[in-house]
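Across the two complexes that follow, chain A remains constant while its partner is chain B and subsequently chain C.
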Partner chain A sequence: MIAYILKRLAYGAITIWFIATATFFSMHAVPGDPFNEAKAASPQLRQNLMARYGLDKPVTEQYLIYLRNMLRGDFGISFTQENRQVNDIIREHFPVSAILGVAALLIAATGGIIGGAVAAHWHNRSPDRAMMIAVVLAISVPSFVIAALAQMAIVRANDWLSFPLLPVAGWGGISHVWVPALVLGLGTMAYLARLMRSSMLAVMQSDYVLTARAKGLSDWQIFRKHQLRNAMLPVVTELGPTIAAITTGGFVVELIFAIPGLGRYFVQAIQQLDYTVIMGTTVFYGAFLVLMVVLIDIAYGLIDPRIRLHGDGR
Partner chain B sequence: MKAPESLLSVRDLNISLGGQHLVRSVDLDIEAGQCLALVGESGSGKSLTALSLMRLLPRSAKISQQYILFEGQSLAAYSEAQWRQLRARRIAMIFQNPMTAMNPTMRVGQQIAEVLCLHAGVSRREANRQAVALLERLGIVNAAQKARQYPFEMSGGMLQRAVIAMAIACKPALLIADEPTTALDATVQAEVLVLLRELCNEQNMGLLLITHDLGVVRRMAQKVAVMYAGKLVETGAISRVFNTPAHPYTQALKQAMPSLTEQRDSLMAIPGTPPDLSKPIAGCAFAARCPQAMNVCARQQPADYLTAPEQHAKCWLWDPARTKAS
Partner chain C sequence: MQFHADDFNALPAAPVEQMEALAPAPPLWRVLLADVRAVVALVVVVLLVFSAFAGPFLWSQDPARQWLSQVSSGPTTARTVAVVEDNPQWQGALVQAGQLMSVSATTTSVKLAWPAVAGAAGYRVYRAEAGEGAGLGVPLAQIEHPWYDDRLQLRERAYRYTVVPEGENELSRRATITLTPALTIGRFEAQLLDLPVHNGEVVLPAHPLGTDSLGRDMLSRVIHGARTSMLVGLTAPLLFITLGAFYGAAAGLIGGWVDNTLMRIADFVVALPFLLFMILFRVAMGIESGESGLFPMVLAMVLLSWPGAARLVRGQVLQLRGSAFVLSARMAGASNLYLIRRHLLPNVLPLLLVSLSFAIPQAIFTEALLSFIGMGVVPPTPSWGSLCNEGIRSMLTHPHELIVPAVAISIAVLAFNVLGDALSDAMDVQIRRGAQ
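Our next item is the complex of A and B:
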């Protein structure tokens, strides 16, 4: 198991290096630079930055400087916000994005697993049909539309109750988390529900479920002890890519709900061509996603003994 | 001669599924400590018959019978909860493929212990201990360690023993084995069969053995029932049915098998195909493939004729009227 984890981490490191390199060179391929804009940095800051990042040096040298700084965990200073370290921006705003993302993921995973199991249990009957229609809607309607509809619904509800049940936007307490997290997780939830449904249907047809019935177990006992874990396996494998979807989806949802998360800064930085912020957050997000995928692989190993016992690379 | 006490007795069992009348008017009698073999080609309805004896058929299946008596009790009106009490405790089943019959993400010992916890009401620790003891009794060395393994870590033969351990954990009165050795290689097959016979003798357990293999039937069973297209065409004592098969289908089976000691799956070697069961069949289902078919065969169903002591066949050849005429 340890060898297995180390191997995954090594692959992860290579992936991050690849992301960093690709970002660096594509940034250099983009026309224009942050100093051209009127709103850009003061001559003083500009001077310092030029020196520090060797912006007057050849690209390969800049690349090496950039890699060296990154290895030390230093993503540099923002080009557009004087004296603001990229590290500080991440430290301050990533937790907000993380809370939103984790909440969205939890909602998506529990909702998807329960929804899929319910649909499979009533296969081809009305709960299943309703669920599948909802799934198609949730997957095909873009999240900004759902976000707007959700905000409208909140406004209506607050008006009707004549006291604010839920805040329409902003950040602060628990009450600010639910709606954006649900909006953010909805597509993923639908996708996972569909996955769970088909894997549950396959499990229900399996020989070992017939064996379980022949043991005299009740439907609920069979579901809990024999169906759930096996049906969840494909869902857990899909959680990795799912986290990527939720992270990128977060950019939009944070903007719409005025949530001060890292995603909003990322979008802003792109608009302002703030090199260091773009590169720093990209690499950070890349590293974060890679780590998540490794964690999910480990979780998968815990659920499926076949992976745990065979994949340990002994 | 006094008939042995009947453990399970079913009359006129019918099963329909998806508009097909798949099991047609089947009568079964199984005695304690004895083995009844159910043979017939693929798709003849053997598994459906077996599953119906534990009410494990798909929900959409329609099932009816004149009566079903087990240990002197009528099961016809049993509720699902009552059936659950019966399953594994009084009637247990072994399925064909041990590789898929076990939950892949649960330890083998735990899967056996689960039955004991459920029906014997013992603690989990005691159930685990008994599970290991069962595996040991079925000839698994190092049973305590094997009990902690997952199904994918075991060989087919060992898994089938584990499946049998699971089935006999509560000492059922009737064991149904649906092709218990088809997925195993020849030497393991023989071992498993010996094991099953010992269990019948030791625990006075009735065994319904479903198989393609006439060699297995000869070694294991006292009685045999031959199924064709959902109907039992011939039933009787082993020696009768093997030496003097009365029904042309049984005769063809015997001929298709050059040597009964040779273990081969040869039930397919009869020319023609079984009839379509989605339409009602007027006469004998085998008529179209029967070398001795007469006019009456395709028109009218034959009755169940006594062809010799302890041997019955559903075939017009044994109609007393015809016998007298010729």
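Our next item is the complex of A and C:
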């Protein structure tokens, strides 16, 4: 088991290094340099700025400095915001994105598992059909459209009730979380519901369910102890890739609902060409996603010994 | 063991189902055509691709042309409207008795006149859109004479004008009138748009889906947007699935440490956060915000998305290499080329077709998402994502500007997804039949 965990962690570390390197070299491929005439008034000033950010050294040396700083957890100073550390930006804005993401994930997992189980239980009957139509709609309508429509619905509802039921945008209390989290989790929820449905259908035809029925267990007991638990396993594995979808989906939802998360900050940094912030957030997000996948792999290895014995986990 | 005479009689014929099961699998296209949803999805897909490429010839309106007098209008048909002077002088009209009335109401100017109110120091004129609640609306003017000529951005919709005489109890003495101005077009605009004028009238073309907030024809913009979206949505998946197929085939056929290294690289590429690197590549290629980056977008998609197809093809190659029929074909003296043509391609192509039909909606989504956050195609080039981006700004007042491109995206994504589902179901039928 320890060997398995170590192997997973090692692959994770190599992947993070790969992400950091890819980020560094693609940012260095950007034509021109960040301090052009518009930002630095005189050649001397430009020289000083280049020296301050270490941009006057050869690329290999810059790369080594960058890796060393990254290992220390130091992502540098923002180019566009005076004296603001990238670390501070991440520390300030990532928790917001994390709260939104966790809420979205919880909503998606709960809704998906219940929805899929309900659809499978009434296979080919009206609940199943309704669920499948909802799933197809949720997969086909882009998230930014759903977000916009949700906002429109809130505005209309608030108008109609003539008191603010839910805030339209912004961040603050718990009431700000629900709608963006639901919108963010909707696509994932549909995907998980579909997965849960097919896995549940497979379980329902298995021999052990037949055995359970033969020995006289009640429908509810069979559903809860035999069907639900077994059918959930493949859904749990899919949570890893799902986290990636929710994290990147957060960009748009944060933008539309004006939530001060890291995703919105990243898009802003790109528009302002704030190199250190772009590099820092990319590597941070990448490392975060890889870590999540590794953790889920390990957790899955703990739950299901077959995977760890076969070594690769794929 | 004892034999009975009956044992040597012929067995009854096998039931029909068994005979059918033993028959060779029907070709993929026949299974597909028997499926209603597959046929519908296929028709929609063909129509979409056709309208993306032939649409501009069928609906020839310029997507960049601005119909200034018809900004944010709903669906309209072709019609004839009067051409009027741009700055007509109006001396005013005096109404002796009666109530607030309109002397003329066109989208160039709405002329109002009302009987003078005794003791009023002046009048305030307000305008509200008729659908917008009970308020007075926008204050237009504060005047002394009892008439008013409104020329402030008039559109072809119902307005409610309120005239309030200044003085005591002013609100209880207000007068209101609701009217819808007739569409007219100024002489200058007619000249600007190069419209031929006959007897002081011009023919305005139809806008079946209305116009956007800059007065451009929505149908034409959606068709031109389809070109961008389909271009990205079709080329990128075709390219990365081809690339992945060759990569995976090479890894599977060569095997050994080469295979190991190649697939490890694929693992790393899979681990890259997709959207982040899409945006990063765009920056790395020197595309600043505000520039359209169609080519970088396709390139980034290709560079990041090939590993799926590579894994698929490699798996198939490994499976086929060990299979009995390939071994026996090889023993019978089949060449490598024959094996690839006769066994590898027929087994891999349908799988690639399925992943292609799922990759296309994904690519359309990605393009729309990137264009929506301003990281893909930017105005003036229309794409479905950038149309949504423009439409979202006016979604509360003119929701059709958001809904039209959103429905276009949804239909396209839905059609490709359904087609993919039907394809993989049809292949399941084939595999089941083949296995029996």
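In the analysis below, the second predicted complex is superposed on the first by the 279 of 314 C-alpha atoms of A that agree within 3 Å, B and C clash if a C-alpha of one lies under 4 Å from a C-alpha of the other, contacts with A are read in each partner's own complex, and residues count from 1 in each chain.
Please note the rule applied: a contact is a pair of C-beta atoms (placed from the backbone, for glycine too) under 8 Å apart; a residue touches a chain by one contact, two chains touch by 3 or more.
As the structure is a prediction and not an experimental result, all values here were calculated from the model.
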### Task
Go through the superposed model and pick first if A:Leu161 touches only chain B, second if only chain C, both, or neither.
neither
### Query
For A:Val145, is the partner it touches chain B (first), chain C (second), both, or none of the two (neither)?
second
### Query
Which holds for A:Ile174: it touches chain B only (first), chain C only (second), both, or neither?
neither
### Of chain B and chain C, the chain that contacts the larger number of chain A residues
C
### Query
Of the two partner chains, chain B (first) and chain C (second), which one does A:Thr211 touch, if any: first, second, both, or neither?
first
### Task
Return first, second, both or neither, reflecting whether A:Ile2 touches chain B, chain C, both chains, or no partner chain.
neither
### Task
Enumerate the contact residues on chain A facing chain C in the complex.
11, 14-15, 18-19, 22-23, 26-27, 29-32, 136-137, 139-145, 148, 152, 155, 244, 247-248, 251-252, 255-256, 266-267, 270-271, 273, 278, 281-282, 285-286, 289-290, 293
### Message
Applying the document's contact rule, which stretches of chain C touch chain A when the two form their complex?
### Response
267-268, 271-277, 279-281, 283-286, 288-289, 361, 365, 368-369, 372-375, 385, 388, 392, 395-396, 399, 402, 406, 409-411, 413-414, 417-418
### Query
Hey, which residues of chain A end up touching chain B in the complex?
206-208, 210-218, 225-226, 229-230, 233, 303-306, 309
### Summary
chain B residues touching chain A in their complex are 54, 56, 84-89, 92-93, 95, 97, 100-106, 114-115, 118-119, 150, 152-153, 163, 166
